[in-house]
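Several structures are given next for inspection.
Same chain, two partners: chain A is paired with chain B first, then with chain C.
Up next, the complex of A and B:
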């Protein structure tokens, strides 16, 4: 509701993140507004008046403490709600790894992204792989695994329209997944401070229809490029 | 000002000559001020570059940043344009180039590119230390260098007309990595790079790793001062 109005949702799990975001915003935001209203109302209502002496309260008496203790109850209930929902979403997005139709390699380095796409054989790490810099091509309605690695320091593979963020850690290959649900060109960004060029390493994700993506793969496979150069 | 004219009227200098002299002084001062403003702006912009290239432009091998101090402004500017447009550096295996690509985009205008290029050119050239574990044979390298000298000059001083930069004052590791990148078409093969393909052809005349080290060793012996303009 809130996130969706600001940014398109382009993955199968974006709606789960949106819902979690909405719940947290409401559970935290409404009490915050109520507390702020009461705080400033009391300041205004009980401001200093002539001929009225201020009362000193230590705050340890039950009649005053109960307003603190009663507030703890909804806070604990809200915490439980948030934790249960967050664990469910975490499991679906991060722990579960559905079977993929294709796999891409995502390589982060100071200060650029490299993407290795499987070629026409749809198998990664073969001779027909397509490597691009700062531009990832995927097909809509296709479940992808990504293999994320970093060549130097900590980075974070962030695709806001997918609601996806994943740290890239030097020395590790981290496998995750996404399934795009709409076509279009959207931002990829690094969400981990990675040096002086951190803010200057944006990339694009191009989500195409299956037909468009197949055509792109065909045109950009190393064999097709070599044949074109030879003619 | 009238007393000046009267004073000089009594001397051997006529008022007209004095006017020409004052105009020349004014123009020279204005020109100098303009250069100073550009260099000042270039120095301010260079602050970002110092993170990798160092305050004196002496380079930093750990950051894959070569020495650039004293390189000609035309070459620096041309490389900034190449990096910014993706003609250089935007290759998945060009680690150093991929660092420069976003940095070049920091410069917003042609004026800023010229200013920082002028400032880099104004820095005193450095003499990088030898860093390669295995040194080549400069005598053997001289024969290989014959091909390079057609564009880079017999003294390694470069040739702006050919788009060939000076080779003197460059780090040996940078020369090695550049030649290796050209050999693997990591550099020089990107769309729009008109000079790069020529270098890919030129480095093909170096048959093996030993030849590469030899020609680098020879380049280190070159002086090249006459062409550092």
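Up next, the complex of A and C:
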């Protein structure tokens, strides 16, 4: 509700994160409003009036302490709800790795992104791979694995419309997944400071329908490009 | 036990304090008096805050109005921008919050509030400030060396921070980590002093539960600091070696691990939040009890929640690293521990609000600051839940939402807490009363812009704005006109807030010179510092140290007919 009014939701798990955000807003909003109401009403109600002495309360009396104890019940219940929902979303996005129909390699460096697409044979690390700079092409409604690498410092592969973020670490290959649900062109950002060009490495994710994507792969495969050059 | 230590201490006191006239150098430059050392820390911290605030102005200008010249700075280059962001954060935490809240208030208040003539180790105390000053000079000097100041964020993640070919600041990186390490050494020395003094030098009659809350809080904070800083100090030295001696602790090419640094950093970094939070919470306890004329609601409850929060704070560090490439199963554990912190912190907030119940509240300037601390910190607390929930953090991590969240915790701590304490104890520190009208004007012109800086940033963060981005025009999704309006609102608010600080300094200077002379106890407060003259002389109570008969918060006691307060040192 809140997040999708601010930006599009373009992955299968974006809706889960949107919902989690709304639930947290509600569950922290209620205690916040109650506490602020009490806070301000006490300030106005107990303003100093001439000659009137304040009450003497030590804070150990049962009649007062019970309110503090009671307030913990909803807080604990809310905490449990938030933890359960958060862990579920986390499990789906980060711990689980569903079967993919295609895999892309994402390589971050100071200060650009390279994307390796598997090409017409749909297998990475073969001669027909398509490498692009600062532009990732994917098909909608297709489940992708990404293999994230960094050549130098930490970077972070962030696609806000997917609600996805993952640090890239030199020396490691980190595997994750996403499944786009709509077509369009969206921002990819680096979300981990990576030197003076950190704010200057924007990239695009181009989500196409599967036909358009197949056509793009066909046109851009190294063989097609070579054939075009030979003519 | 306590008695014998006091006698020894008093004897020791005579030979080092003496009664000879002190030279200017002895009194102001190399003092042993805890109050003068506190003032050195206080004013160094305030000076650094002005620099940190100016940095914020320069990079906020670039964010809101990219490509235009920032008045008094000029064109902000990407390298400038990163250095400014990095050093704004480093300075505000290590050279403002720490020296002012722990060192300045700790030094000033602990001996005065427990009825001691000075710190137990005055020379360590002096050394602590000198090392701190050196560290501050190093961080400032790093702006003037070749390559400029370090620009890899205050978290200094390697390999960016360890390899000059990546950071392009060969000297700046080394100076940054050296300054931070020295600052830690200074606070280790200070912490030993605070803990020892509070445990051993209390006035006769002052039992554990008669210690004012702010003293407890500074002691707990010092213990947290000492337990958490070791790993990071070691990490800092490893980083220094990686930068300069060719070791490979954090270098993945040669078998090191950059994530190791993150663990060392955040194992300290999260408790550090509570290290600075607790003194501010203590200051607020002193102020709301005085101006509500109320006993603190549940003295032991506050103490236990502080200890509980402190202990829990050692178990949550990896919530800063959910998406940093740690084992994803770890995130589940750290989500649970992080959300658990909401229990003691909520209890603490409830207890403070409950203290107001049935009070007789006067909204003086210090009280306004103290109350605003509670409210603003509440916002900081609840927004933390969004980020502690791992599933949501996948999206929110490193956005402006995070930035706004921690400014809603650190700003109440470092700025509001400091102003609350400073305006409250000003009469004691300088022997003059501050102008209350100017004080309130300064309060409103600080607190309103503070909210209009950071509330818009929550919205921008939720809309996907990442931190530390030099120029948002490169990202079409972050360049809608309404976003630029919010960015401009935040920057203009910051400028208003910074200008409002002129009122504060004007008020301090004019009140110090010509304010009404302060009596011993202008707020009708119970604690011991108000029984010394304003300002207290060297040795605090030359006529003899006070004796304690009761707890610090006996306001409006039914057995006390003559007045609504009952000083700790007054025999029954």
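Definition applied: the second predicted complex is superposed on the first by the 226 of 231 C-alpha atoms of A that agree within 3 Å, B and C clash if a C-alpha of one lies under 4 Å from a C-alpha of the other, contacts with A are read in each partner's own complex, and residues count from 1 in each chain.
Definition applied: a residue touches a chain if its C-beta (ideal position, glycine included) is under 8 Å from a C-beta of that chain, and two chains touch if they have at least 3 such contacts.
Fair warning: this is a prediction, and the values are worked out from it, not measured in the lab.
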item	value
First, second, both or neither for A:151, with chain B first and chain C second	first
Partner chain in contact with A:110 - chain B first, chain C second, else both or neither	both
First (chain B), second (chain C), both or neither touched by A:200	both
Contacts of A:70 with chain B and chain C, given as first, second, both or neither	neither
Touching partner for A:62 - first (chain B), second (chain C), both, neither	neither
Partner chain(s) touched by A:133 [first = chain B, second = chain C, both, neither]	first
Which superposed partner A:94 touches (first chain B, second chain C, both, neither)	second
Most chain A residues touched (candidates chain B, chain C)	C
Residues of chain A contacting chain B in one complex and chain C in the other	110, 196-197, 200
Touching residues on chain A, where the partner in the complex is chain C	2-3, 6-7, 16-17, 20-21, 24-25, 27-29, 31-32, 35-36, 38-39, 42-43, 46-49, 52-60, 64-65, 67-68, 71-72, 75-76, 79, 82-83, 85-91, 93-95, 110, 152-154, 156, 158, 160-161, 163-167, 169-172, 174, 186-187, 189-200, 202
Touching residues on chain A, where the partner in the complex is chain B	107, 109-112, 114, 131-134, 151, 196-197, 200-201
Residues of chain B touching chain A in the complex	48, 51, 90-92, 95, 98-99, 101-103, 105-106
In the complex, chain C residues that touch chain A	78-79, 81-82, 151-153, 157, 159-160, 163, 166-168, 252-253, 258-259, 292-301, 322-325, 328-329, 331-332, 335-336, 339-340, 342-343, 346-347, 349-351, 353-363, 371, 374-375, 378-379, 382-383, 385-386, 389-392, 394-395, 397-399, 459, 462-464, 466-472, 474-478, 555-558, 564
